[in-house]
Amino acid sequence: MIKEELKRGIIAENPILVLALGLCPALAVSTSLQNGLGMGCAATFVLICSNIIISLIKKWIPEKVRIPCYIVIIATFVTIVELTLKAYFPELNNQLGIFVPLIVVNCVILGRAEAFASKNNLGRSIIDGFVMGLGFTLALCILAIIREVLGSNKLWGLKVFPGFRPMTIFILAPGGFFTIAFVMAMINYFRQKKEGGQS
Amino acid sequence: MNIDFISLVQISIAAVFINNFVLSRFLGLCPFFGVSKKLSSAVGMGMAVIFVMTVASMITWIIFHYLLVPYEVDYLRTIVFILVIASLVQLVEMTLQKFSPVLYDALGIYLPLITTNCAIMGVAVLNAGKNDFTQEPYSFIESLVNGIMSGIGFTLALVLMAGIREKLELANIPRPLQGLPIAFVTAGLMAIAFLGFSGLNFFK
Amino acid sequence: MFGKYSFRGGVHPSHNKDQTASRNIETFPAPERAIIPLSQHIGTPAKIAVKRGDTVKTGQVIGEAGGFVSAPVHASISGKVVSVGPFPHPLGRRVTSVEIENDGTNETVEFNPSDKPWREAAPQEIVQKISAAGIVGMGGASFPTHVKLSPPSNKPIDTVIINGAECEPYLTADHRFMLEKTEQILLGALIIKKVVGAAKLFIGIEENKPDAIEKITEQLNKEIFKEIIPAKLQTKYPQGGEKQLIAAITRRQVPSGGLPMDCGCIVQNVGTACAIWEAVSEGKPLYQRVVTVTGPAIRKPGNFLVRIGTPIKTLVEKCEIDYDAAQKVIMGGPMMGLAQSDLDAPIIKSSSGILAHSTLTAGTRDYDCISCGNCVKACPINLVPSFISKFVQKGLYEDAMAWNVLDCIECGSCAYACPAKINLVHYMKLGKFHAMAIRKSQEQK
Amino acid sequence: MSSEQKLLHISTSPHVKHIETVPSIMLCVCLALIPAFAASVYLFRLKALVLTAVCVISCLATEWSIVRFLLKKPSTLGDFSALLTGILLAFNLPPDLPPWMAAVGSVFAIGVAKWAFGGLGHNFVNPALAGRAFLTASYAAPMTVFNVPDFWKARGWTISGLSEKIIRPVSDTLDGISGATPLPTFSGITEALHAESARLVDLQFHIIDFQEALPRLFFGNVGGCIGETSAAALILGAIFLWYKHIIGIRVPVLYIGTVFLLTWLFNGTGSFFTSEALLVPVYQILAGGLMLGALFMATDMVTSPVTPKGKMIFGVGCGILTFTIRKFGGYPEGVSYSILLMNLTVPLIDRYTRPKIYGKVKKNA
C-alpha cells in the first residue's frame, strides 16, 4: 500500500508537475538544490503536521468556518518553521526570503487539508502528507538540479563540469519558466506515448 | 510620514516593470496560469487583485506597525496577515454583493480564488520587510503605492498573457506542449522581454 | 468629363482580357439539345409549365414564376420536350430542368411589346413586362430584376448605377456589349431610372476599357441621354461588386446586412439593362446571353451570343478546348467563378463566361498563415480574413461571427493576395454557413 | 475533337492567385540583407562570416532535426524562414562572441521561440530577437563587449583607455545584468557635449564632434553587432523590400520617427534648434541596432499586428520603449527588448484595432 501511495504522490498526482499546484515556491526557490531541498522539507513538515492536526480535530470543526481554521493551523506551523529557520539556518532563511511565510498560501497544503485530511483518519493523513510532501520536494529538486547545473554550473554549491560556461538565464525568472515547461512537456510526451501505445 | 515623489515613482516602476510580481518575483502564478485563458476573465481577475491588494496593503501595514511591532509580537505576522486577508476577502465579497451588484457580478467569482493568491500575502509581507531601495520597511504611502502598482503589474502580465493565449488557441502547438507547458514557455518569453526593464530608473 | 472613382481595398490581378476584347460578339448556333434549369435565379424555382412530349417554340414559357422572388423561364430553342428531371447545374447540385431537342425550325413565339412607348407607361406596367421576360441580374448574382425594381415605399431610391465595370479578369462579355449595344444599354438605363423614380443615373466603367468609355461618351451627347452621368472607375478588383461600386461612385456604404436600396441605390449590370430594353420595347424574353469563352486551354476564344441551356461542353468544344491541357473549367470569372465538375451543365442566365484553365492554381494549403496582413489590405469590406479563417479552422464559429464573417462578399481578394495560398474564401464560406446556423438558433430562442 | 472527358479539378474560388508565396517573401528578406551582410564582412572580416555561417547552419540544423525527428513531418527548410532567422540572429551578435554561443542562441531561437508554438506563423515573438535576449541573459559579458571592427583596428583605432570607462562590471547575480554597447546613454551624450567626455563616441572613437561621427555611423565604421553597424546598407535593403511590398512604411517610419522626436525633445542640451540639439536625435537613430530593428525586426510579419492602425501603434510603442530603455534603462541599447515587449502586445493590439468594416458606420451612428 505504501508503494502505491508513493507512486501516487510522486508520479500520478505529483503536486507540481502534474497538478500544477504550489508553482510560486517551486519556481522561485528552485535556483539551487540547497534552496529547493530546504523549501521542500519545510513545506513537507507543514504539510504532515497540518494533516495530522486537521485529521485529529476534523470532527470539531464547523463546516462553515473550516477554511479559516485550516489556514490558522497551517499558519501556526509555518510560523514554527519560520522561527526555526531563522534560529538555526539563517542563511537558508535569507535565501528563501518571503517564500517561507508564503508557505501558508501554498495551495498544495491547503488543498491536501481540504481534499484529504478532513476526510480521512490519522494514519492515512500522515501517509498522504508524507507522499505529497515527497512528491513536492522531489519535483522541486528536479527543477533545482536542472537550473543550478545549467544556470551556475554547480550542484549543492560544488562545481560540476569543468569548462562548461553556465547560462545565467536559468537562475533568472525566464529560465525557471522554461525548465518547468520542459519537464512538464517531457512528462506529457512519455505519458502520451504510453497512452498511444496502449490504444 | 514623508512623502517623497521620486521614491514613489521609483517604487511604481519597480513594482510594475522591473520586479513584476509574476514575471520576476514568481508570485501569484496559480491565478496567472489559471485565469489567463480568456481575456475577459483575465481583466476581471486583474481588477479584483488590484482592489484587494490595495486594501490589504493598507490594513496589514496598519496592523503591523500599530499592533504587532509595538507589542513585540511581529513573529505572529504570518498568522495575522493570512487571517486579515482571508477575512478581508470575505468582507469585500459581502460588501460588493450588498452595495454594488454590478461589480460583484464582474469580480465575484474571482474573489474566493484570491485568498490563496500568494501575491496578496506576498505584498503584505514585502511591505513589512526591508525594501529594495532603502533597506527599511515602507512607509504607509509607500506601502499603498506598492500595493496598487504590484496589482497593476500583475494585471498587466495577466492581460498580456491572456491575449497571447487566445492567439495560441489558433496555433498548432505540438501535443506534449499543449496546455500548461506552452503557457510556461510563453511566460518565460515574456519574462525575457521584461528583462529589458531591468535597471530602469527615471531619476539617475 | 469622366471623373475617376475608386474604393478601399481590392487587388490587381492581371486582366488577361486581350484574347477576347477585340472579338465581336458572334451568334452561337442553337444547340442540338438544350437543358434549361427551372432555377436560374435567387429565390423560389420556377413552376414547370410543360410536360414531356410537348412541342415548344423559342421564347415560350416553360416555367412560371414560383412566387414574388422568382422569375419565369423560357424555351431558348424550338423543339420537343424530351424529358423533365434532374440535370447537372453549373452551381453544383442537380436541378430540375427541361431538356428540349432542337427540331431545327427555330420557330419563335410572337413577342408582345408594350402597347405604348415606355415613357408613357406606368412603372408597374414596365415592371410587369420585365417580370414576364424572366430577367434576372446578369452580372452573376441572378437576383430577379423585377424584385430589385420594386423597393418598398419606405426606401426611396435616388441613384441608379449601371455596372459596366467588369472587373473579373478574362471576361469581356460586358465590354463587347457596351461597344455593340451602346444605345440599347443606355435606353435600358433610362427605363430603370424612370421605374424607380431616381434622380441620378450613373454608368460606371473601369478605365481599362477606353474604347467603351469613348463609345458611351459619344452617345451621351445625344439629347435623350444627357441626364446620364459617366463614371470612370479605377481598374481594380472587385470594382464591379455592388457595394464597392456604390462606395466608389456615391461615397455611401450599404449598411451591414442590408441591400443597396437601404442606402438609396440600385445597381444593374449592362447586360441586364439591355435585356430590360429588349423586354420593354420588343417584349422579348431572356433566352440568350453573351458569354465569353476563353482561357489558356481554349484555342479559339471569343464572345458569343448563346442560347440559355446550351451545354458548356458544346460551347467549349466549338471553341476547341484542349482537353489535355485543361485542368479546370470555370463558369464565371477566375475570382468568383465556380469550377465545374460536369461539362453537361448548361449555360444559364447568369453565366458571363466560361474559362478553361490549364494550370491548377493552388487549391492545396502549403504554409501556415504568417500574418502578413495582405488579406486585410485586400479586403474591400475591411474584414480580417486571416483571423476569421483561423477561427473557422478551429471550429470557433462564434468568434468568426464576432469578427463579422457574415459581411464577407466572397470576392476572393484575400485568397488571391495570400502568400501562404490559404483557401480563405473556402473558410469564409464555411464560417458564413455555420454563422447563419448560429444566428438562426439564436433567433429561435 | 476529343469527346472523352477527363476528371476536372474542382476548388473554391478564386482560381487565380498572386505569385507571391511564403518562401518568396522570406527569400526576398534574405536578399535584402545582403548589403548589410557585405558591409559586415567588409568591416568585421572573418568574424562576421563565421558568426553568420554558424548561426545559419545551426538554425537550419535545429529546424531540420525538430521537424524530422520530433514532429516527423516533411522538411520545412524550403520556406527559408530558418535561414532568415539565422541571418538576423547573427546580425544581432557582437563580433567577438564565441561561435558556440551563437549556436546555443540559434537552438533557442528555433527550438523554443519558434517550434514550441508550432513553427512559422505561430510564434508570437521574433525568434532571432528571443535568441539574442536569451544570450544576453545567459552570457551577459561576452554579449555586451563590442570591439572595434577589424577594418578599423588595422587602421590604428583601438579601444585602449576607453574600455574601463564604458564597460560596467558585469555581475552574474539575479538582477544585475548590465553591460555596455556602443550606444552611449543619454546622460553620456549630454556629458559629452558639455564636458567633452569620450563616452559620446562610444567605445571606438576619440572624436566628439558629430560631423565625424555621423558619417561613420551611416556607413558602419563603428563597433556594434555585426549586422547593425551600417545604416546605409540596411536602408538599401529596406528600400528593396518596400518596393516589393513586403514591408510597409508605417512601422519603420513611425518607429524611427518616434525615437527621433523623443530624443529631440529630450536632447539634453537645453535647447531645440541648435545644430547640436538636432544632431543628437540623428545620432540616436543611426547608432545601435535601431535601423536593423526598425527595418527588419519590427516589420517581421508574424510578430507584428496585421491591422493598419495596429501597425502604427506597434511602431510608436517600439519607439517609446526604445527611447525609454536607452535613456532611463539599465541597458544602453533598447531596440531588441522594445520589439520583444511590443511583440507581447500584438494580440491585444490586433484585437482592439479591428478595421471598421464596410457598412458598419451608418448602422452604429
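Order of writing sets the chain letters: A, B, C and D. Residues in each chain are counted from 1.
The definition used in the following text is that contacts are C-beta pairs under 8 Å (C-beta built on N, C-alpha and C of every residue); 3 or more make two chains touch, one makes a residue touch a chain.
Here the structure is a predicted model, which means the values were calculated and not measured.
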item	value
C-D against B-C, pair bridged by the larger set of C-beta contacts	C-D
Separation of chain C from chain D, taking each centre as the mean of its C-alpha atoms, in whole Å	49
Cα-centroid distance, chain B relative to chain C, in whole angstrom	61
Chain A and chain B: spacing of chain centres that average the CA atoms, whole Å	22
Chain A and chain C, separation of their C-alpha mean positions in angstrom	69
Multi-partner residues of chain C (each touching 2 or more other chains)	368, 387
Touching two or more other chains - residues of chain B	172, 177, 182, 185, 188-189, 192, 194-195
Multi-partner residues of chain A (each touching 2 or more other chains)	169, 172, 174-175, 178, 181
All chain pairs that touch each other	A-B, A-D, B-C, B-D, C-D
Residue ranges of chain A touching chain B (in the complex, touch as defined)	20-21, 23-25, 27-28, 67-68, 71-72, 75-76, 78-79, 82-83, 98, 101-102, 104-107, 110, 169, 172-178, 180-182, 184-186, 188-189, 192
Touching residues (chain side chain D, partner chain C) in the complex	1-6, 8-18, 20-22, 24-25, 79, 118-122, 248, 301-308, 311, 350, 354-363
Contact footprint of chain D on chain B as seen in their complex	18, 39, 159-160, 163-164, 166-168, 171-174, 177, 182, 185-186, 188-190, 192-202, 204
Residues of chain D touching chain B in the complex	70-71, 112-113, 115-119, 121-122, 124-125, 130, 133-134, 136-137, 175, 177-178, 187, 321, 324-325, 328-331, 334, 336-338, 340-341, 343-348, 351
Partner chain D, residues of chain A touching it in the complex	152, 165-172, 174-175, 178, 181
